[in-house]
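Structure first, then comments.
For clarity, chains are labelled A, B, C, D, E, F, G and H in written order, and residue numbers in each chain start from 1.
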């Protein structure tokens, strides 16, 4: 355990087991679920809700249940508050959880959040008793509105879903962190371990990664790398880094040199 | 143990215990040596050579010997090959090691390497049987010349010593990595864990940190953070990250959405 | 004239005389208005609407009228759609223009747009016959919504007002450009000429600068620098730049070298 | 004329007509020389020295002589000081100028400078009465050594030749600027106008561009864009830009708002 | 009668229930880990056995799949 | 009567008009480049002369000033 | 005799000068904008007419071409 | 005689050795973890006892200290 208990992440009163959220999208084979979870030790694992023609669906759900990991259904692909709300309701029914990663996107190409529909859906789901974790932009004003609407956390994007571009605007993520008093989970864009570490150093409370793991050449290794990156960034944030300065500062004493 | 044996770092035939090098410059108190080493588990610890008026010198050397860590004396502050060579000779005599982190700087303000004097000193020290690890610029042509001169590794800077600016030119570090077939140790500029992870992801074989740890608000915590960051970056590099792409890529299936 | 007529910027059917918008906030003295306008040759100049106890108000308005420049009143400082709408109405009455740079901010510290109130105000002002140029975030989905509401242009921020941080997220500005078919005017954050040139190279149709000019050591010189920067970036965008590539490409022939 | 006479660039006592140096490598057709020169108004134009089987060589030299522009022969492709010196001697004989852009590269793939051979060649050519402008790395210590060897200017690279990556390490370019008291000409890597403006804002006295112009979709337009970008950056540097600050600063008055 | 199941037309005997549909499609009247929407409203698991379908009903049966 | 002008209380004779207020404050019944709001609604320039103020009216008189 | 001109063997009459070579290759004893190296040393323009080539000389004739 | 020890003048008895100097300064003829340079050359540990100092010798005694 790399983070002391006193440093546990708590969302909506629930103590989570780590600061890494894992998405399962793009997973090449269900057989990788167990080793990936063992390497990542995620706090939650996200799943999508889709029509099914068989109960098994490749056994993903069974594999996740066997691992005893907390599931976080999302409303990926929803283009309106209405769609997102019914999808969340079905997720609650199917998975017996009232937690939802709320996604309402503006279009299917950019997959960027539509914050107007997102705010409507968030308010309605909170009213219906959901614990809402909204996937949002890196706009601190919207983050504050989501919290005012009752969201249990905010999940600003670092860069577009699946882009692997990391945190394109660190300044904005710091502003989101400063704007709200709920956990901030960096969502979307993480491509590698240093992205996850940076997000935590900027003040995020957790990081979500999906494609970065599932589409890496070695998903299990990347799961481990991201887990270490999240812990590294969290501890570094707490350690109080040295200030950046334009000029050098000797790390060896000047006095006492010979000759 | 986060890195499998098959992945050990080997320099001049010696198997090193980790991929983090630690500098002791700026250490607020010797009492921190033990906990910092326990947190960082460094492969080597660097020390400087200075005139002494007492054998103790605050007991740093004793503390390091107690920890049983490999010492890497440096020639910090030397402005000429001549100075660096005699300093290295004294280090070998005092510490009974023929390893030396070779530093020859151009001036005492920027502390930037003087690669001309550096090449002369490297050639002479190799001739005298030293294992030379030169602190250099991020110039791949110079890196190749240092290897041709017999250096056992190259240590390009990420940014000026003590600046905490991280890796200012990732492209150059990748070019150094591609130019040589000896270990590349990122030296100077590391400020926090994500810097260390990034350096490893760029292909460095190890990272050296001094000020980042010793002058952090909590040196022991930062030592741990950097250790995790180095491991995270190393594993991420080997895991084969997803490509960066300008546009989004869905991590949730498009088919099967309701409504 | 650096841009051919065929390349004129047109907003709401009006042909504008250049691609630089100028803000007057922070102007040290009215006497600088004339030389700054001569150096910047702006398409429009923004002003704020405030209570007055004298008609003169330092003669700014008179100086601008003498220069015959198009005025663009803003609703700076408004925290709600209601405030912004009445401010716009008063501006229309006072300045006899139905153009308005619509600003609705989320708080007085960050001065960041509140896109929810912004959308409401934009729809209402369009209904009332205004030509609306909204100061917004770099969110392409919101940009599209503003255009759907009838805005004549969109004005995404590069970074916070007065920060001089330039374009913090070039990827987002390119996405805004791709999302809408009205002119995109980069607003807020420009600190120097290269920021303005970059914004234009990213596809912006114009750039607004205020603090960058008025608080520069030499406002007239910076006005000229930004004017040149905007033109440079516009022409470079149209010239079709070379692709970025990680490796070198010889600009001198390899064949025919002697020796 | 965009820069006042008092601001002329002077190298080795010669007053140059602008702060843009132009390379001709990659020029698609000689017919473009005249319009490109008219658009760029360069201070000098670089050419390479190669074996010839005809006097004409496509008439490039004639076209340049007709334009009355100052020629700056380079030693592109030379891998040793010896090669570079004889190439410079032949250039002096063929073009009747003792100015030379000195290039000695480490390998033909990266085209990066070999600063060791470069220093040897520079010293020898200065001894032989040449005015030496060396293409170098962004290493301030080497820059100072080149000046000590008698070079009339230094030409640090922004990024690899032809890469179009712009200035990869602004901090290093500022350090080179601070290290020497001769003109600093940014060489290599410029891809577009904002790169040129940034280089000037960092303190460079001039910028050299070749591929950026000759391989652009519209070389004449890019020539004009770079000329404007260089002037914009120069004037912005002199205008004294506002400081970068993490937080916003209102550009409109807070007092006197209605409602 | 004809209903729409996951976007496709499906013929069912009159008076069929949600449970009947699930048996037909999944050989199980209460399959685990799924949810059912009838005409865009959730049909709670407890009501499947008694929930009578009518001509033209639009039924969606969903489960958890891979997702980011 | 008492009205509020730009946030401050101001005593006016009964039956004063917007134009009267402007004369009082600006020595000009139709100053150039300003606008007037009465109780949060714009009072058009053309109506200033005839617009009768009443006890408690909130008047804002604004103009263009420096702004980003 | 045989010399090397720009990397290729070339047969010349004995006692040929640099100028003779230039006439042979360029129809001009003093072409403009070129330079000549003999065995890696510059042969100054003024000496071309009198500079006698000998068996095995390596001659490079160069001019200015496009370059970065 | 007078020698220079770590940059400062020091008076020693004639015929003093490196070991004598070390005893004088460190109460130890072979202190651990130090090295000695005489006139810019290393004096190996094994020769300290026999190494005779002479007037004007420049001696540096160094050890390992904190360093980056």
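Please note the rule applied: a residue touches a chain if its C-beta (ideal position, glycine included) is under 8 Å from a C-beta of that chain, and two chains touch if they have at least 3 such contacts.
Keep in mind it's a predicted model, so treat the numbers as computed, not measured.
Asks: Hop distance check: chain B to chain G, minimum number of steps through touching chains?
Replies: 2
Asks: Would you mind checking the shortest number of contact hops between chain B and chain E?
Replies: Steps on the shortest route: 1.
Asks: If I rank D-F and C-F by number of C-beta contact pairs, which comes first?
Replies: Taking the two pairs in turn, the one with more contacts turns out to be C-F.
Asks: Go ahead and note the Å separation of the Cα centroids belonging to chain A and chain E.
Replies: 33
Asks: Using CA atom averages as chain centres, what separation in Å is found between chain C and chain E?
Replies: Once rounded, the distance between the two centres reads 55 Å.
Asks: Cα centroid separation between chain B and chain C, in whole Å?
Replies: 46
Asks: Taking the mean of the CA coordinates per chain, how far is chain E from chain F in Å?
Replies: 68
Asks: Which chain H residues sit where two or more other chains touch them?
Replies: 6, 37, 40, 60, 62, 65-68
Asks: For chain A, jot down the residues that touch at least 2 other chains.
Replies: 23, 25-26, 48-52, 74, 76, 86, 90, 110, 112, 160-162, 165, 171, 210-211, 214, 246, 250-253, 256, 258-259
Asks: Name, in rising order, each residue of chain D that touches chain F in their complex.
Replies: Residues in contact with chain F: 250-253, 256, 258-259.
Asks: So in the complex, which bits of chain B are touching chain H?
Replies: 23-27, 46-55, 57-58, 60-61, 64, 71, 73-74, 76, 86, 89-95, 161-162, 188, 210-211, 214
Asks: What residues on chain C touch chain A, complex-wise?
Replies: The contact residues of chain C facing chain A are 106-107, 110, 112-116, 119, 137, 139-142, 144-145, 159, 165, 168-169, 171-172, 175, 179.
Asks: Flag every residue of chain C that touches chain D in the complex, lowest number first.
Replies: For chain C paired with chain D, touching residues are 2, 23, 25-26, 48-52, 74, 76-78, 82-83, 86-87, 90, 108-112, 160-165, 191-194, 196-198, 201, 210-212, 214-219, 221-222, 224-226, 228-229, 231-233, 235-236, 238-259.
Asks: Of all residues in chain E, which touch chain B in the complex?
Replies: Against chain B, the touching part of chain E is residues 6, 37, 40, 60, 62, 65-68.
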